[in-house]
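Below are structures written as structure tokens.
Next come two complexes, and both contain chain A; in the first it sits with chain B, in the second with chain C.
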Partner chain A sequence: MVEPLLPQPEPLVVLIADDNASDRLLLSTIVRRQGHTVLSVSNGAEAVALFEAERPQLVLMDALMPVMDGFEAARRIKRMAGEALVPIIFLTSLSESEALVRCLEAGGDDFVAKPYNQVILAAKINAMDRLRRLQDTVLQQRDLIARHNDYLLNEQRVAKAVFDQVAHSGCLSAPNIRYLQSPYALFNGDLLLAAYTPAGNMHVLLGDFTGHGLPAAVGAMPLAEVFYGMTAKGYGVSETLREMNAKLKRILPVDMFCCATLLCVNFNQRQVEVWSGGLPEGYLLHADTDERTPLVSRHLPLGVLDAKRFDDATDVYPLAVGDRVFLISDGVLETSNSDDEMFGSQRLHAVFAANRGSQSLIDEVQRALNVFRGEARDDVSMIEIGFIDPQLLGSRAVTYSDSGALSPLDWSASFEFRASTLKRFNPLPYLLQLLLEVHGLRRQSGKLYSVLSELYSNALEHGVLGLDSALKRDAAGFARYYQERGERLSHLESGFIRVHLQVVSADQGGQSGRLTIRVEDSGDGFDVQRVLALPPVVNELSGRGLRLVRELSEQSRWSEDGRTACVEFFWGALA
Partner chain B sequence: MSDIHLDYSVLNTLQEVMEGEYPTLLEIFLKDSEQRVSQLRQALNSASVDLQAPDLQELSLMAHSFKGSSGNMGALRLAELCEQLEERSRREERLGLDELISKIDTEYGTVRSLFDAERELYRPRP
Partner chain C sequence: MTVISELSADGQQLTILVQGRFDFAMHQDFRNAYEEVANVQRFVVDLRGTQYLDSSALGMLLLLRDHAGGEDAQVRLVNCSPDVNTILTISNFSKLFQIG
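Now for the complex of A and B:
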């Protein structure tokens, strides 16, 4: 037994087309000896027909044949093979360079000269087979990748649908908000949330998670739940931040976090409270002037520091009607052109300057970016929040998520919050939750919260801490006031605030009734008569508190020394 | 022009590859070649009988094919003659083609007797 010429990885089906009987026999024998199966034909037309019927893996094609020559047959076979590689080796006794050109142009992969050298022939068949198998692997992997890609896209679709449900309760469509966000911002890690508080203020969050795709999106959902849940219950910016940070710290892997800016626009007190960690600076654009106050990132992003080290300190700025807060994600400044220059903050400032008071600032910035880059970019987020007359906001509804089964109708509760509690605990959300268990009071939750907040903050700041609200007459004084507040609070050793709540319903079914709230502080009190007698001043930054309380509640009175305030609300027939 | 009518080293390789099929290969070649030689003759003559110009490109292709198979079988001089015929027909050089075909005919005759001797050597003995 004669050994095969070279070791074969796997036998092939080889089609041989040659119009010469003896050549055909010789070649078939050589190829069979190499372990392959041979099909042979004598012209191009037969070659094409047999290829279609049997789909051999490799073709040895004589160049010049009657009926249909090898070149035409090769073209047709290549067309039939499609994406798969069927190597065609031409057999020719044409002169060298002429042969090469014609063979390659017809789609041939190689050629072998007559007379046949079986060693060369075997080597070429093996080489072509390697290529054939390579192509086959490439096609299989391409199909696998395409399938996985489809799965990923589908997963993202599902994730986005779930997220949209979570994010439904926001007020991004409020008349004073304009924003730009790509529909798939979620998978860039960009998050934009806005919601009303029970007092009718507005919380806004711009977030940017590390990473892309599903890993970036998956942190957004728990964060959004915390944001909406706490905002609806009346928690302030600092408390909401602490919870968001703790949650992300707990659930995200070590190298993932969320750069964020969280702010509260307070329509009653005409101020904005800002916390920013890791995002490029935002801007407070003052109406009608060139001035803008940068809202600088002073903190680390959310999810980095543990609870003990997390800093929830905020900055507070006064607002006038027409002022706007403008926030951007880092995609804006980092947009680069073909020379690898970045758009940068100077160009952004130039857009501000050219569009002072413009109604379409976001469009202008976007246009400037597109011109700079040379093409559109769909992964930047921008938001502009205008400070307007709150009457123009329309309904500032807060969504309740409970089933509302039982309503307590006849009860009272007293609380005393002492120094160490006053330092670190805000009782207002709990008190409000308690009151909202009374169904009849729910429609007035905004007023309740505003009044409770006002009474509590007066009791704390003016009563226990002894701060003078006159400090808040200008922007600089504002900053000093809050700094002073922070310092005095941290050094507080004694003092208290007592809150007493009483609910009595007028009928069996709770259709009508009365709520009494009494707030007492341990401070020095104030001259109630004098303050209530002051003429109302427009655009004043402070001193509006007492008037607000009187406006919002049915009845209100203060003790002689000013240390106790008592207000009443009615619901149902009595209201 | 090669003096070698039959290159025996080529034949040795053919024997190695074909093994028991070697005589069959020789037979097929001889049968095939008989036909080819008469086709060549016809291509040139029948045309002149019908007073038509012979199709020299067709003739060139036939010569090309014959060149290939004779080369594979080691008939070197025959292959070279066919190459000449191929070239000159392709260039439409009508003159002297009759003579060239006669030479091919003669050379084929020589080659055939050499192959017959080969077949004799390899005929299965009882």
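Now for the complex of A and C:
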């Protein structure tokens, strides 16, 4: 820093109060000669009145005066001056220390002894002026900081209000979700989002951006937008992750990224699909055995790798009613006590062990943190997602942004998706978007998407990839099934899935109509008679797909060879 | 907390020794440690004196990697304490950096 030059003494307006006319004249002459403007009065009362009218910057005050003495006048002037420093220098021939102390107690800042020494007087005026200006600067800076802080808080409030609108457009209030998040978590970089897919699955994202304050918050908005947009359109975990990663990579500086866990709870298939990059391990808490499956971070955070190197591989776990998924931000493990010891995962496991399936897990973790640290921390995020009977979830609504006034009512379309496409592209969101252009179908978008995705995954997994769902008879086989699925898909060289859609309106206005979906695959087919005759499964890990299709669609049938499925949906009067 | 950097005799390898808490407060020192040295082929970040590293430190390592050539960067993180290792493991930084 450059050393500031000593400021040139600035001309001041100086008030002189002295009842002795010759002393007053002498002093006025000296002060004026030093370049200042002088106002002079002959007692304390006049000094107070003139101060009020003219607001001089410095006061030279005789102690003993008629009408009102200097002590009282000093007190009043100081009171009027408020926070600004108006230096008062007492002019005194008093020499006993008690009198000098009175001068200072009355608010005086210094004193000069009569008779006046010009050099000392000038030096004292300058010194007092420096103090006066210092005080002025401090006040200005204090006000500036206060103003900036007000602005900042206001901006944060507005930003938070806007963001809350976005964040709460999802389903964090669903009956199977419990969570804890500081109201200003956004400015700690923490992000918690949940939304239903068209098929009634639940997507949940816990994210933690690097850094604090505004930089940590800016990435949240685009991330939330991708999350909600793609979830509502029916994209899966992998596609949504790819898009989120690509977007963050594009917009964030190199040293910023977002640690995140994204998961999809599939209530129909009774499973959860998890991707985790950079967050501490979460847990799948099993209700029946009290065991905990760790959900380990297997990936780099979002926004680090470019699209080509990004890995969207997920883990899939079966779920039973009462099972819970528990996710935490690093604030939980990194909460430290006065000895700089961290809470750590051992203490967390102790809380789990004591919890035994109770609903109050989050409260218990928070209580343990508070006891450990001695006070609450405001950058801790936790979420618990329970697997419950989907009936209890109530309406799993997806919101649409258009009016639906334009509705195509008489058309058909056929698609053939071949091997290289099946490997890396999920056509379902596109097909669903196309179908939901038909206004009458929107009310059953959930059913529609479920059926479409069941048919598509059957065609892909059992047809094209030739996987046997009998593999999914236990938890290990379940994992093997999805591993095998990934491997076969990555080596796929031939095969196809054909989807034929037909929409027919029963009247002019499209008030009622029919949709026919036919899905055909290149696989070996299956023994339709035998499979459809199987009794419904209850606690098995597989075998729900076909039953679901038959329950959710109005009409469903399979070709003799088991390679083509055909389902129908009706709307309006036909339904 | 300090950052000390040392260039090998052949000028090919820069070793950056980080001591103390590796967090945002080190941002400028850490950048200075490598930005002013040209033509370095390999970077080594020695974390023997670091007990703790936070997410902004991870960000700084990404900046170094970017400076060192991104995908082709040769950056090694050595002498990591168990706590530091835990954080690097959770973030899966072993996919970007040689560790050990």
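Criterion: the second predicted complex is superposed on the first by the 433 of 575 C-alpha atoms of A that agree within 3 Å, B and C clash if a C-alpha of one lies under 4 Å from a C-alpha of the other, contacts with A are read in each partner's own complex, and residues count from 1 in each chain.
The rule is simple: contacts are C-beta pairs under 8 Å (C-beta built on N, C-alpha and C of every residue); 3 or more make two chains touch, one makes a residue touch a chain.
It should be emphasised that the depicted structure is a prediction, and the values quoted were computed from it without experimental measurement.
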Exercise for the section: Once the structures are superposed on A, label A:476 by its partner contacts, choosing first (chain B), second (chain C), both or neither. Expected result: neither
Exercise for the section: Have a look at where A:53 lands relative to chain B and chain C in the superposition and call it first, second, both or neither. Expected result: neither
Practice task
Tell me which partner A:210 touches in the superposition: chain B (first), chain C (second), both or neither.
Solution key: second
Problem - Touched partner set for A:93, first chain B, second chain C, both or neither - result: first
Exercise for the section: For A:25, decide between first (touching chain B), second (touching chain C), both and neither. Expected result: first
Practice task
Have a look at where A:533 lands relative to chain B and chain C in the superposition and call it first, second, both or neither.
Solution key: neither
Handout entry: Touching partner for A:280 - first (chain B), second (chain C), both, neither
Key = second
Exercise for the section: Could you tell me if A:146 is touching chain B, chain C, both of them or neither one (first, second, both, neither)? Expected result: neither
Exercise for the section: Look at A:161 in the shared chain and tell me whether it touches chain B only, chain C only, both, or neither; answer first, second, both or neither. Expected result: neither
Fill in the blank from the handout: chain C partner, complex, touching residues on chain A are 208, 210-211, 254-257, 259, 277-281, 297-301, 304, 309, 330
Fill in the blank from the handout: Per the touch rule above, chain C residues touching chain A in the complex are 24, 55-56, 58-60, 62-63, 66, 71, 90-93, 95-96
Completion exercise
Listed in rising order, the residues of chain A that touch chain B in the complex are 2, 19-23, 25-26, 29-30, 33, 64, 66, 93, 114-116, 118
Completion exercise
In the complex, the residues of chain B that touch chain A are 10, 13-14, 16-19, 21, 24-25, 28-29, 31-32, 61, 64-65, 67-69, 71-74
